[in-house]
Amino acid sequence: MFFASDNAGPAHPAIMQALMDANQGFALPYGADDIMTRVTARIRDLFEAPRASVHLVATGTAANSLALACMCQPWQTVFCSPVAHIHEDECNAPEFYMGGAKLTLVGDSDKMTPDALRAAFAAEETRGVHGPQRGPVSITQVTEKGRVYTLDELSALTAVAREFGQKAHMDGARFANALVALGCTPAEMTWKAGIDAVSFGGTKNGCPGVEAVIFFDPDKAWEFELRRKRGAHLFSKHRYLSAQMEAYLADDLWLTSARAANANCRRLADGLAGVPGVQMLHDPQANMIFAHMPRAAHKRLSDAGAMYYVLDGDVNTGDPDEPLPCRLVADWSISAEQIDQFVALAKG
Amino acid sequence: MFFASDNAGPAHPAIMQALMDANQGFALPYGADDIMTRVTARIRDLFEAPRASVHLVATGTAANSLALACMCQPWQTVFCSPVAHIHEDECNAPEFYMGGAKLTLVGDSDKMTPDALRAAFAAEETRGVHGPQRGPVSITQVTEKGRVYTLDELSALTAVAREFGQKAHMDGARFANALVALGCTPAEMTWKAGIDAVSFGGTKNGCPGVEAVIFFDPDKAWEFELRRKRGAHLFSKHRYLSAQMEAYLADDLWLTSARAANANCRRLADGLAGVPGVQMLHDPQANMIFAHMPRAAHKRLSDAGAMYYVLDGDVNTGDPDEPLPCRLVADWSISAEQIDQFVALAKG
Amino acid sequence: MFFASDNAGPAHPAIMQALMDANQGFALPYGADDIMTRVTARIRDLFEAPRASVHLVATGTAANSLALACMCQPWQTVFCSPVAHIHEDECNAPEFYMGGAKLTLVGDSDKMTPDALRAAFAAEETRGVHGPQRGPVSITQVTEKGRVYTLDELSALTAVAREFGQKAHMDGARFANALVALGCTPAEMTWKAGIDAVSFGGTKNGCPGVEAVIFFDPDKAWEFELRRKRGAHLFSKHRYLSAQMEAYLADDLWLTSARAANANCRRLADGLAGVPGVQMLHDPQANMIFAHMPRAAHKRLSDAGAMYYVLDGDVNTGDPDEPLPCRLVADWSISAEQIDQFVALAKG
Amino acid sequence: MFFASDNAGPAHPAIMQALMDANQGFALPYGADDIMTRVTARIRDLFEAPRASVHLVATGTAANSLALACMCQPWQTVFCSPVAHIHEDECNAPEFYMGGAKLTLVGDSDKMTPDALRAAFAAEETRGVHGPQRGPVSITQVTEKGRVYTLDELSALTAVAREFGQKAHMDGARFANALVALGCTPAEMTWKAGIDAVSFGGTKNGCPGVEAVIFFDPDKAWEFELRRKRGAHLFSKHRYLSAQMEAYLADDLWLTSARAANANCRRLADGLAGVPGVQMLHDPQANMIFAHMPRAAHKRLSDAGAMYYVLDGDVNTGDPDEPLPCRLVADWSISAEQIDQFVALAKG
């Protein structure tokens, strides 16, 4: 009963098998492997973007930081949600890679609104050289609170960035979960909605560790390659990244896994809806639930070894009915039995 | 009638004369000049801090950025007001010098409160290596809205920093204006109130361009010297910095000038209080006024060549009575006649 | 017949199997996995260093850059060979991670001598804050020209660093190849010879991609953890790094593989010794050969699909006997048949 | 008898008077002062470069570091002499401002030759993303050993840079001394010889502290402005920089001062030529002498309070005739009497 994160489950067996299959003979290093050639073609095809540049790295923080460094000068600021992963969970890696650029926090929610974004852009008056200069917006899709921007919402945000002459990045660590939730195409959720570059996640959806960075306009491709090497993120035995991504995209495995994760989350949410005292922050749209859990239920679950995050700021007052704010994440590999067992324990 | 800033008036004649006096013969470069020896002794004496290390630079942004770089690791975050100069007016210089550290904005005002600071420290839960790590607090005295922290307020803020194991920096670009407003000693406003390092401004109070950085614990002295040189802020002909600072501190010129600036501001505020339609954000405590000015008055003043800042976000609706948010800064050199003429024009 | 590099061959099947075995159920992320606990214990045991801190990353450049960033301030300079990987092959990654520190090139060979190192330290007179300040020495073992420092040579170099108050780093991308060449223990080749930190390579010796950074004095352990996260090198699904390293060290696989690679290199060298016109730069000590190859032999080999590096600066004069400077690297997986076929082709 | 450096003498009285004259009333801050408008026009006229962008900073290290940061990406390397000021005397400031770029040392002398430069460019084979990428050349005129590149030599060096698609920077800390030595125009010594940007020094030639950075192609002008602010080098009371530069350029003061310094150096050299045992490294071309001084002469001079640098690596063997390597720099303010007194003391 592991619901702590989608970064702790097993990799999909088909992806592991692809690693084994790739482990034959010699392969050109540093991204010149044949598998990477196929991965690039496949991603261009999937995204209906024949000119896109495609680059692989092993961590989501590397994908975000390197992509943003290509989009943001050191004297600029990136606009993002105050709970964005790039702000809260990357130990200043974006600032490091961008050479000291800022992040400007937009609004007070996981989802930026066009009005809040416009106000933030407007407030960031640069007064010549004195203030931080405006830079790109970075949109987290799925948000860190488990919500999904609609296509209209995405388009509205990127339109605001364009009003101010800026570009748009998508942190798609859970890209697939959002895509299947929206039922749209990759192109629709990205460049057709005004996104210029995307961190296309694999790790949270069944890969051991691979993320693609995709630039729809390839003019930054060579700069990205240099930044990746300089950041020490270029794998010599690159085929072990390529093989993960190839298997991830083969036979719609990435979509199947994301649908499974979202469905597991739905089953869990439906079950928890029947638990007295459980309150959900909002109806889950992808694979994450934010809920208040009664302390007595939490104790039963903990005692049984269930794992999930209890969020910041908890103070135990000793009242067993006092709700406890929690985050629960479902991945593709959780079984219906585990979910049902979890719900049963919560019910008590 | 120049009230745009205290960085645009003339330098005090006594300081200019000191530059002339210093211009005799050869002097050892790079801070080894005899004048600097006297400046260090004088500042240690003034601050009752015989072990303090003292360093001169030419700009306030250099003083702040270099001081903070000695106090904050690249993976940490500095706590400051959302209108702090280091956040709004230094084009990411602190982030550059700190190697990509963050600034965490505390509360929604120019003055941080202990509660808001404690909440900000507490919210910056680092969750191991994932979040930005907590760093020092930086306190702007006088604030960017012209207010002055009391000694109790300063002590309360630095106490919060210490609760979390962190140090405290003071951006004292208008140190003298605050000091004479409080009527306390330099020691009381700094290390006795828990401040570890101070950017001690001269430029806004009658110097052509000099700021001292003072560390009360000299363990960072050598690191500062290296960072200053690496930042290209070490003057070869250093005597022209030292001479400014020596004259600034001689015969209490710095206090006299600050008292003059504050008194000029008081005269202006008192005059504006009698102008119909003028509303002050708060009663000025040092040398800055934030006020709403009727548009008709603004037009008369502008036509007469008066200069001051109209603040962000103005939209002219065509209504001559609609108030216009303005900032007016008085320096030591403004004459009573200019102030009275300004008030008379405002009255119409 | 692939002799281009030891970063292009297959991973050892036992290591791939370990990845499969690790892919069971949920595991704590970010280095908290059980396998990592065992890896740390194993490395401490192997190195007879019970207090050592152990950290895993995926690339050798990350290992070097992060280790050096913990050992060298931005205003210092690292002493290394002019052909060191950190200088020639990492696209300024060390400088990026160190915040702009320099590399000082020692002597004109792949192997630094104590005299050349002492001269370089002495020449780097800092003249107060003006010059780059002295920093650590970084020693590449095996060198980039395939030679191995003896234990006495290592001790002599680290002793020079200590004369100047500095520490010593070992770039051990081919650590195992050197170790089996010397027939010594890991402790003897590192801390007993004065090495403070080592980049302990796995990738070039049969792993898909894993390197350990080992600090014998753990006082930098937490800083390393923060720098790794900030550098985006902390894997969420860390078990896939740990599992590689565990299998690499199990049953002396790392030593067996290195012995195989060195033996393959020896077989190749012995074969080439019988090829007319081939001149070796020096007798190979590990798994790399630097040799001049007659052009006619090179053409036969190229036509047959053999791969190896032709070194910089070649100008084809059209003379078929003119020697061509080449680098040939043998990994553990090359077969005797391939080697013999290569030699036969070279002979013509 | 101060010959230690041209950064320790007094500023020229005319420049000090200009500071006094500029100290009237209010002036727009941050470079918007009227004097700066005139300075820009004057420099464009002097350099026959009507489109040039002109920027002032207070230190030569700031001029060099900011100019190079606009010309060199963090993954590139700057080509310069091994004794260049940017390499030996700026405590890694260029690397800091460039975000971790390298310096590649060309040849083994203060003067780069086209052949050595071409060899250095050629050797810096980048092998795709792996090696440092080629960046601009930086030429020190006057060199750090007191020699002056001829116009043909400058053109030959910049032509080599262009062969490799790179630009050329001139560190002109002693620009005026070189110019009067060559008897050419500023345009001839810069853009007509292929120089793209110049650090145009004032501090070593009679200013308290001001340097101009000039870009002949202004496409980097705005980036420079942002980098200057972010580097904390933008003066609020900018008029005190502008006024120095205006007076420096008025009535050919800069040329007069440089001619005086060079003539003083010539007088000193001619005098020293008659001192038994003095050996000059080469005949001085500007205002610096590198000479071996007999120890007995050195003792007489030291005892009399004469100041100059004894160079690195001296070991006193006790032999009074053993020569001592020294650097002597003449500025505009040294009197003939002091020079003659120095020579007389040297003669004994």
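The letters A, B, C and D name the chains in turn, as written, and every chain counts its residues from 1.
Just so it is clear, a residue touches a chain if its C-beta (ideal position, glycine included) is under 8 Å from a C-beta of that chain, and two chains touch if they have at least 3 such contacts.
This is a predicted model, so every value here is computed, not measured.
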Which pair wins on C-beta contacts, B-D or B-C?
B-D
Label of the chain whose CA centroid is most distant from the centroid of chain A:
D
Find the geometric centre of each of chain A and chain B from their Cα atoms only, then give the gap between the two centres in Å, rounded to an integer.
41
Provide the C-alpha centroid distance between chain B and chain D, rounded to the nearest whole angstrom.
34
Based only on mean CA positions, could you tell me how far chain B sits from chain C in angstrom?
51
Indicate the residues of chain B shared as contacts by at least two other chains.
74-75, 90-92, 96, 99-100, 129-130, 133, 226, 229-230, 234
In their shared complex, at which residues does chain B touch chain A?
74-77, 88-92, 95-96, 98-103, 105, 122-123, 125, 127, 129-133, 312-313
Using the touch rule from the top, collect the residues of chain D that touch chain B in their complex.
2, 4-5, 7-11, 13, 16, 19-20, 23-29, 57-62, 65-66, 90-93, 96-97, 203-204, 208-209, 226, 229-237, 240, 307
Chain D residues touching chain A in their complex are 30, 73-75, 99-100, 128-130, 133, 225-230, 234
